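Letters A, B and C mark the chains in the order given here, with residues in each chain numbered from 1 onward.
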Amino acid sequence: MSTSITGHSVTDDLPGPDGRSPHDGDRAGTGRLGDRLFGGAATGSGLVVVALVTLVGLFLVMQAVPSLLNNNANFLTSTEWVPSGSEPRFGIAALLWATVVTSVIAMVIAVPLGVAVALFITQYAPAWLAKPAATTVDLLAAVPSIVYGFWGLTIAGQFIDPVTGFLQRTLGWIPFFGDAGFSGRSTLFFAGMILAIMILPIITAISREVFAQVPVAHKEGALALGATQWEMIRTAVLPFGKPGVISGAMLGLGRALGETLAVMILLSTLNPTASWSWSVFNGGETFASKIALNAGEFDSPQKTGAYIAAGLVLFILTFLVNAVARIVIERRKAFSE
Amino acid sequence: MSALTHVGTEVSTDRSDLMAKSSGRALRDRLARFVMWGSFALACVPLVWILVSTLLKGGHMLLSLDWWTLSQNGITARRVGGGAAHAIQGTLLQALVTAAMSVPIGVFTAIYLVEYGRGRLAKVVSFMVDILTGVPSIVAALFIYALWVTTFGFQRVPFAVTLALTLLMIPTIVRSTEEMLKLVPNELREASYALGVPKWKTITSIVLPTAFSGIVTGILLGLARVMGETAPLIILGPYTKSMAHNLFDGLMGTLPTMINQDRTEALQPAIDRVWGAALTLILIVFLLNLLGRFVGRFSKVS
Amino acid sequence: MAKRIDVKDLDIYYGDFKAVEGVSMTVEPRSVTAFIGPSGCGKSTVLRTLNRMHEVIPGGRVDGKVMLDDQDLYAPSMDPVAVRRTVGMVFQRPNPFPTMSIKDNVAAGLRLNGIKDKKRLDETVEKSLRGANLWSEVKDRLDKPGAGLSGGQQQRLCIARAIAVNPQVLLMDEPCSALDPISTLAIEDLINELKSQYTIVIVTHNMQQAARVSDQTAFFNLKATGQPGRLVEVGSTQKIFSNPEQQATEDYISGRFG
């Protein structure tokens, strides 16, 4: 006991004696008024957070259910979206497709790039550059989403048509790359690219954190065996940082799935009668952009409920993705401690 | 020498020369180095590009005094003039109210998790904070809409926007504050207890001051994030061109909605205003960010 | 001022785990008692029960009696916070409050307990710093941060902070283990001076130190690995070091284990 008497660690894994929670034994807080008020405020805030999340879920479900019961189409598989009228028909298939496609494109670009940038900052950058470089990438996260959208549409989008045109010509025989008749800047493909820029800082930040934690002994061990810097990174840094990269990618994905404004500004909506296309050069609407675009039309409970149902699916989707990220992080903690 | 050759899949062919790595390995190493530098350069492109385009297209708007003092009241898309004061004021006001609501809840929740919470309730709270972290801004806005408008039957007012923003800001504050409180060495708490200082006073007088600058950094970064959020504004906070102060009645202009309002206009005066508003918003958010990082340097815990 | 400590049949737990068993001993006022023993034998744990700091650790609890003169520290009516004001403590590593100046560090105990009288605070700061042999070294920079001092100075600052609240007893948990030999000597000299006013209990790994500073020595040991620690023997330092009653004590003193 004499070496680590200060840490919680001694007893964290021990069960409380005679059934009471270990916290009750913490007599640092006594029955004083100040302690009761302050501890009460802290516990109360915790309970507020619990209540908030519960309410969010409950309210969304409560308002979505009546609309879903009135729905005449299959909510999960239909691509129609006519939420009002006497026979509402609406489904999320098209929204889910657009949301997933844009996010996947963003991931395909941002994950390798983010990992490379994180490696640059932690392994390659000269000391004077490492911190400014990290701040620069972090600042990408500070540009508001609506600015990304507007900039993408009016500035960067001017340069995308040759790229999409080239891809359509050379890969057009694959359904994913077929021409759907949209300008390059309003396609799922370009929206995914802009999303990639937006999630790059998250992936970089988390990868950077774990790469920086690679024990020096591992790295020096590899170098001492004559490995080149790249071999050292492959044998020591990347395996150690893998869980961090995965969880960073997941958090980035969660962000991309729910991103609203940039996507809403960029994507062209589809004509309701248009035939289904698998192309990434198609327009479309994601969950978030659909809801935001129609915010002015929440006039009947039936209609609002349909959008809330879509929002609920988005909530569940991001929750699952974030949960995977957390689980990976927790696992890693269990191994590294 | 023999150790040198055992690494990797390839073996050096020239054993007499220490300087000569097999050319394939050296090449790959150089290629990797090139890719890393290139990636960083590539990552800088959008940031620089966005900053340069907004500066070029919106910079001149910010040079006039009118921009900072006047609203857009009575100004149509066709006309030059007016300012963004109403939107700047709206954005700052809403951010301030959001902070006023989320900072106490966020900081106290973090205090609960670090200083008090053990056992099941703490696990539940921590889990809920995780969920809240992942809530997309559009979902937070929908929830407030479902609560404020559909259930209570209230109007869409600026206060409803701040409620949605609060929902988004609480988890960032909880997590950053929690990190900072965990960095405060337990020895300081014990030293304080050993002086006969009650727990609440130990927290307020020793723990919080020690973590203070880190907590402020977290708040500023959270605030910067929330200020750029547009989705809740679109759902809950319609734009207006005139000055507004009342959070509970009427409309209030903000920078994001000012951009959103005119972004589809083709007339030059309106386009200029959109870029001006975008630049103003970026400046405010960047300033908060940099201020936050600067404050973080004074941290008493590393 | 100084009070006598009587420990009777003390069992100490972490959760369900019994860390220390059946400790009974007496500490005389105005004396120095040293706790020695191998790592993990519970000597620091016992020390922390003397000012109820043990309970700060979640799950920590105690059976038995600790009497300070005629007051039972563990009586239900006792306020642990009040106990800690009466029984001061100095920790293994110097831990001045990083946000506070030297002066504020010393005054912390009083100020955080609601004393605002500036004159009284100033007097106490000077008296305590003098008491900790630190006054002459810091009197010109009282408003500088406490963290800027050397390790040995920081530890004396922590002692000054502990005696500023005017305790009856001073507990020291390996106060020199993080210090260099010269700073250690300064602390040991200080302990010798302080014992004229305080009852002092010190945990130490260093047997020479125990021999140098203490009047009474208590040897703690584990019965076996996984078993609770216990008090093997307590007696005058001279006797423990020259002619202990227990074989285990002699083995430990002579360096045969631990």
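One rule holds for everything that comes next: a residue touches a chain if its C-beta (ideal position, glycine included) is under 8 Å from a C-beta of that chain, and two chains touch if they have at least 3 such contacts.
These numbers come from a predicted model, not from an experiment.
Peer 1: By C-alpha centroids, what is the most central chain here?
Peer 2: Central by C-alpha mean position: chain B.
Peer 1: If you count the C-beta pairs in contact for each pair of chains, which pair comes out on top?
Peer 2: Result of the pairwise contact count: A-B comes out on top.
Peer 1: For chain B and chain C, what's the span in angstrom between their mean Cα positions?
Peer 2: 47
Peer 1: In whole angstrom, what separates the CA-based centres of chain A and chain B?
Peer 2: 15
Peer 1: What whole-Å value do you get for the distance between chain A and chain C if each is reduced to the mean of its CA atoms?
Peer 2: 52
Peer 1: Counting only residues that touch at least 2 other chains, which ones in chain B make the list?
Peer 2: Only 118, 187, 189-190, 193, 198, 201-202 qualify.
Peer 1: What are the residues of chain C that contact at least two other chains?
Peer 2: Residues 56, 58, 81, 91 of chain C touch two or more partner chains.
Peer 1: Touching two or more other chains, which residues of chain A qualify?
Peer 2: Touching at least two other chains: 6, 8, 16, 22-23, 26, 28, 30, 32.
Peer 1: Please give the residue numbers of chain B that touch chain A in the complex, ascending.
Peer 2: Per the stated touch rule, the residues are 3-8, 21, 25-26, 28-29, 31-33, 35-37, 39-40, 42-44, 46-47, 49-50, 53-54, 104-106, 108-109, 111-113, 115-119, 121-122, 124-125, 128-140, 142-143, 145-147, 149-151, 167, 170, 174, 186-187, 189-190, 193, 198-204, 224-225, 227-231, 234-235, 256, 259-260, 263, 274, 278, 281-282, 285-286, 289, 293.
Peer 1: If we count contacts the way the header does, which residues on chain A are in touch with chain B in the complex?
Peer 2: 6-8, 16, 21-23, 26, 28-30, 32, 34-35, 37-39, 41-50, 52-56, 59-60, 63, 113, 116-117, 119-121, 123-125, 133, 135-148, 150-151, 155-156, 197, 200, 204, 222, 224-231, 233, 254, 257-261, 265, 287-288, 291-292, 295, 298, 301, 304, 307-308, 311, 314-315, 318-319, 321-323, 326
Peer 1: If we count contacts the way the header does, which residues on chain C are in touch with chain B in the complex?
Peer 2: By the definition above, chain C touches chain B via 51, 53, 56, 58, 81-86, 88-89, 91, 93, 95, 97-99, 108-109, 112-113, 158, 161-162, 165.
Peer 1: Could you please specify the touching residues of chain B with respect to chain C in the complex?
Peer 2: Where chain B meets chain C, its residues are 118, 185, 187-198, 201-202, 205-206, 209-210, 212, 300-301.
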